[in-house]
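One chain, chain A, links the two complexes that follow: it is found with chain B in the first and with chain C in the second.
== the complex of A and B ==
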């Protein structure tokens, strides 16, 4: 009896163990499945379509259909025809990102260390703009920056603007809009990093002969780096592809690459529009790769 | 004056209406190993932080030698801290953590000094690692090295061994003491562990509720406690209520529940009316009831053994006295003493010279370690 049990015992134990491992492996795949399916249908398929569209013969039309001719000259046309807009997009997005860092870092720092019991309220206020639509918020900037708005009045009184100077329909307005719209994406990751920073490290810095400024450079900033990198990426990438801000707050002279792509698609020039989109995407990936390498945060992103 | 003693004069710190440190006067002699001992929440950390400049006193001054450092920013003070939680910089290597203070003061060639310091704390081979890759004891030594390398005039240590297990703690106590003797810097060591304070410090200040209860050499504090708090917090004591009958320049005669006891005058903190008569448990001998004594011992008769714990080197007894109080007696297991069992009737006796007298207005159980603190 006991001998039989001893024989059966290990066998019985091994079988469920094997099943367990297989189940665990299976669970992993099952968890991946919905996301993977989603990405396949809404990312991989469109990406392949986009890339192939960018190589279609541009002489076709939506109605007549397009022919796949590996027409790589679409890319040459795109870059030659829309170079300034491409460059402008990165310039505006870069400026807006820098502005968002300058505004967002002190804000995130204040929320993390100085807000005390107001912390949650301040976080809600950072997120609150999302309660209304992006479009409506950008439209209201038209009123804020308009020639009849109080901002222009003040700027004219202070002689920052000439008597017939404008704010609306300038690069300033577009960059301001971009900065405003993407500021929360800068503040939240920065806050998350700073929140994790042990204030005793700052005291240790002070104890070890570092002035507040040096403590900031040597302790706070390096430890906030993951948040800063995440924040700049979350601001720069969508800002570079944005077209609403330029559309609503700019002029034909402030057109960004997003506006051109939008117009080209609307006009039915699918191949060039697609080539422009792929170019933008490739440029962003290249920039981001260099940036992440330089900031030494590969493992953090 | 060349000595740079650390002197705190009437230092008070309030957080709102709560007084964390109350009118504290303290002198730490240069080069000494000074322990600030007290239960959790008594204001030790706050006191250290005021010396480091991380907290500003509500009133009072901090002097280092001739210099008033009360108003100096922390980074201007020749004082370094080993933080309770170590506060090592997680993004820097061990070597860079240790070099941090030197670099801030513009020292050019830090490499050799860092190497020597890491050698002192026996961590040479870890120079390139990050703090998170080290054990608690190793992190503790990095924190020590990071502070010591700056050769501060005073090194502040805030419960630096609190997070270590008992064995490592004992080892580090010896290490710390060795390093202090070697470098000769003033150490102010904060702890709530009385054994740690006793083994390491030249001088101990016992702190309670924001004030210093007593300050002195470990031996003096133990043998001659000034308050019931000190008598209970540093080791254990039996405190029995009594009334003073007579006093001379030599001794004080006290009535304790009908027994006449003697105490030396110079150990009497209070010698009038009601007093606590104190005696350390290891100073008391147990004898079978009604044994004869004529050696001039203090004698309390009529006890009944209620508890016996054998702890190897000694046996710890509890004896219930006729007035209901249980007294502690520690008998060394030399083999020469009788042993007793619960229910045995016993007399307690001890040398009058070991008796101390305390003010009866103080609570007898002040400073007794509660179960949950252990």
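== the complex of A and C ==
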């Protein structure tokens, strides 16, 4: 709507504002333009550059320059050389995601239905870890899981760990750290879904002689599905690319794909690093597509 | 109370207990950060609480480069926040209030950066900077560019949510009362959307301040606070890092509590 049209008096307003309030015209494009350009130049173009870098001849170097030789072998080298790390990344990220669902679902459920007047406080506590640095919090786990920490003492007393068993520098530590770091990303979307759920539906389930378990399975879970899908993606994707937890809480035997990509870039092996990075992205896109399709169809069943 | 009622009561308590335990898991590391800010480490090796001291708080800038790195992080954070919030808010207005071709593409382009692992975003940017001949100039500005890029999507999503929840009749009422488009925007729309913009700005700043994986790839020789922490983690962690962590925590907590009290007061008044 132009400024001239706005001067039309209320009685003369030609277009009654209906369901679709959206305006046509150039302004929309102009508003979108700066941000879109930024994303184009610093997100889309870099992705294309990454793909082309992954096909450079690996014998070049950053300062001498690279030659574009469509060197598809970079991908073979990447997958053959770093297959275990790739597999481990998905294994750890998958385990952390499952753990985050098991811990996060009851928490989100409790906040949505059982917390009463403590609801806001509990929500603030869920985001409170974000108030301080991700790296420093991960370092705290070094102390908590360390051999001098009380967790190791308890586990040893309970005979869960042998007298010289460790928690730190194990896959368990890495998965614990990953779960911890991404748990809020699971809880918040789950809570958003559960909060919209009308509690009368649960009562209706009980009235119709469903056991609590059946009500949960047939009512709560399907309605929480959008939050569950969003939460698992927000946990799994960053966890699969993370290398901080593996580096700070693990050992060389727990290295994930992120560690390798970072080190290859730092060492200047750009083509192989880029190939590995593209492989990771492609694998994630494939997994996410299958997952979203399947969870979408399950929702309909 | 019937047997079923008892069971239900017990079930509710169990769910709450479990929820509190999970919250504890989420908060214990924050407690460790605060505790360790008062630690006087006996040696550089190992990460244990040895003795209580206030020295770290009176001598925050003691470790070489610590305060410089915090300053750089704050500068980049503020700049990236201003640019990302401005560009992102404009995009959100376009997405909610305007019709245009390619809206689906725009939606995907905004969503994708949030759905990509940071290592992929960082390595793409590095590949771009290197092939554009900026390999020697990695530093403050390349970090800034990267941070604006990944903050942008979060700003769009946050402001969009606020805009979509806004009652269009308020703006229509302003127009009916002879406000022109400009007046309507600044007197009605903007004040109503402002909390969303503020939330987006705070989110941007904290994302930028805390980012490590992308920054590490595009930073060259520039050391931001997370990069300082990373370097320190390899050499032995100075307890002052935890002082900075505690200050961050308290500042953010204060902001959230003030915001919460404000919105409650508004609801009552």
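To be clear about the criterion, the second predicted complex is superposed on the first by the 271 of 301 C-alpha atoms of A that agree within 3 Å, B and C clash if a C-alpha of one lies under 4 Å from a C-alpha of the other, contacts with A are read in each partner's own complex, and residues count from 1 in each chain.
Assume a contact is a pair of C-beta atoms (placed from the backbone, for glycine too) under 8 Å apart; a residue touches a chain by one contact, two chains touch by 3 or more.
Source: prediction; values computed, not measured.
Trainee: Which partner chains sit in contact with A:107 here, chain B, chain C, both or neither? Use first/second/both/neither.
Mentor: After superposition on chain A, A:107 lies in contact with chain C alone.
Trainee: Per the contact definition in the header, classify A:223: touching chain B only (first), chain C only (second), both, or neither.
Mentor: Touch status of A:223: first partner only.
Trainee: Which partner does A:198 contact after superposing on A: first (chain B), second (chain C), both, neither?
Mentor: first
Trainee: Please indicate which partner A:59 is in contact with in the superposed arrangement: first for chain B, second for chain C, both, or neither.
Mentor: A:59 sits against neither chain B nor chain C.
Trainee: After superposing on the shared chain, does chain C or chain B touch more chain A residues?
Mentor: C
Trainee: By the touch definition at the top of the document, which applies to A:253: first (chain B), second (chain C), both, or neither?
Mentor: neither
Trainee: If we count contacts the way the header does, which residues on chain B are in touch with chain A in the complex?
Mentor: Per the stated touch rule, the residues are 52-54, 73-75, 79-81, 83, 85, 87-91, 100-101, 104-105, 146-147, 150.
Trainee: Under the definition above, what is the set of chain A residues touching chain C in their complex?
Mentor: Chain A reaches chain C through residues 1-3, 6-7, 9-10, 13, 17, 21-25, 27-29, 31-32, 34-36, 38-40, 42-47, 49-50, 52-53, 62-63, 66, 103-104, 106-107, 109-111, 114-115, 120, 122, 124-144, 146, 148, 180, 183-184, 212, 233, 237-238, 240-244, 248, 257-258, 261-262, 265, 270, 273-274, 277, 280-281, 284, 288.
Trainee: Give every residue of chain C touching chain A within the complex, in rising order.
Mentor: Spelled out, the residues of chain C in touch with chain A are 11-12, 15-16, 18-19, 22-23, 25-30, 32-33, 36, 46-49, 87-88, 90-91, 93-100, 106, 109-110, 112-113, 115-121, 123-128, 130-131, 135, 145-146, 148-149, 152, 156, 168, 172, 175-176, 178, 180-182, 184, 206, 209-210, 212-213, 216-217, 225-226, 229-230, 233, 237, 241-242, 244-246, 248-249, 251-253, 256, 260.
Trainee: Show me the residue ranges of chain A that touch chain B in the complex, using the header's touch definition.
Mentor: 198, 200-201, 203-211, 214, 218-219, 222-223
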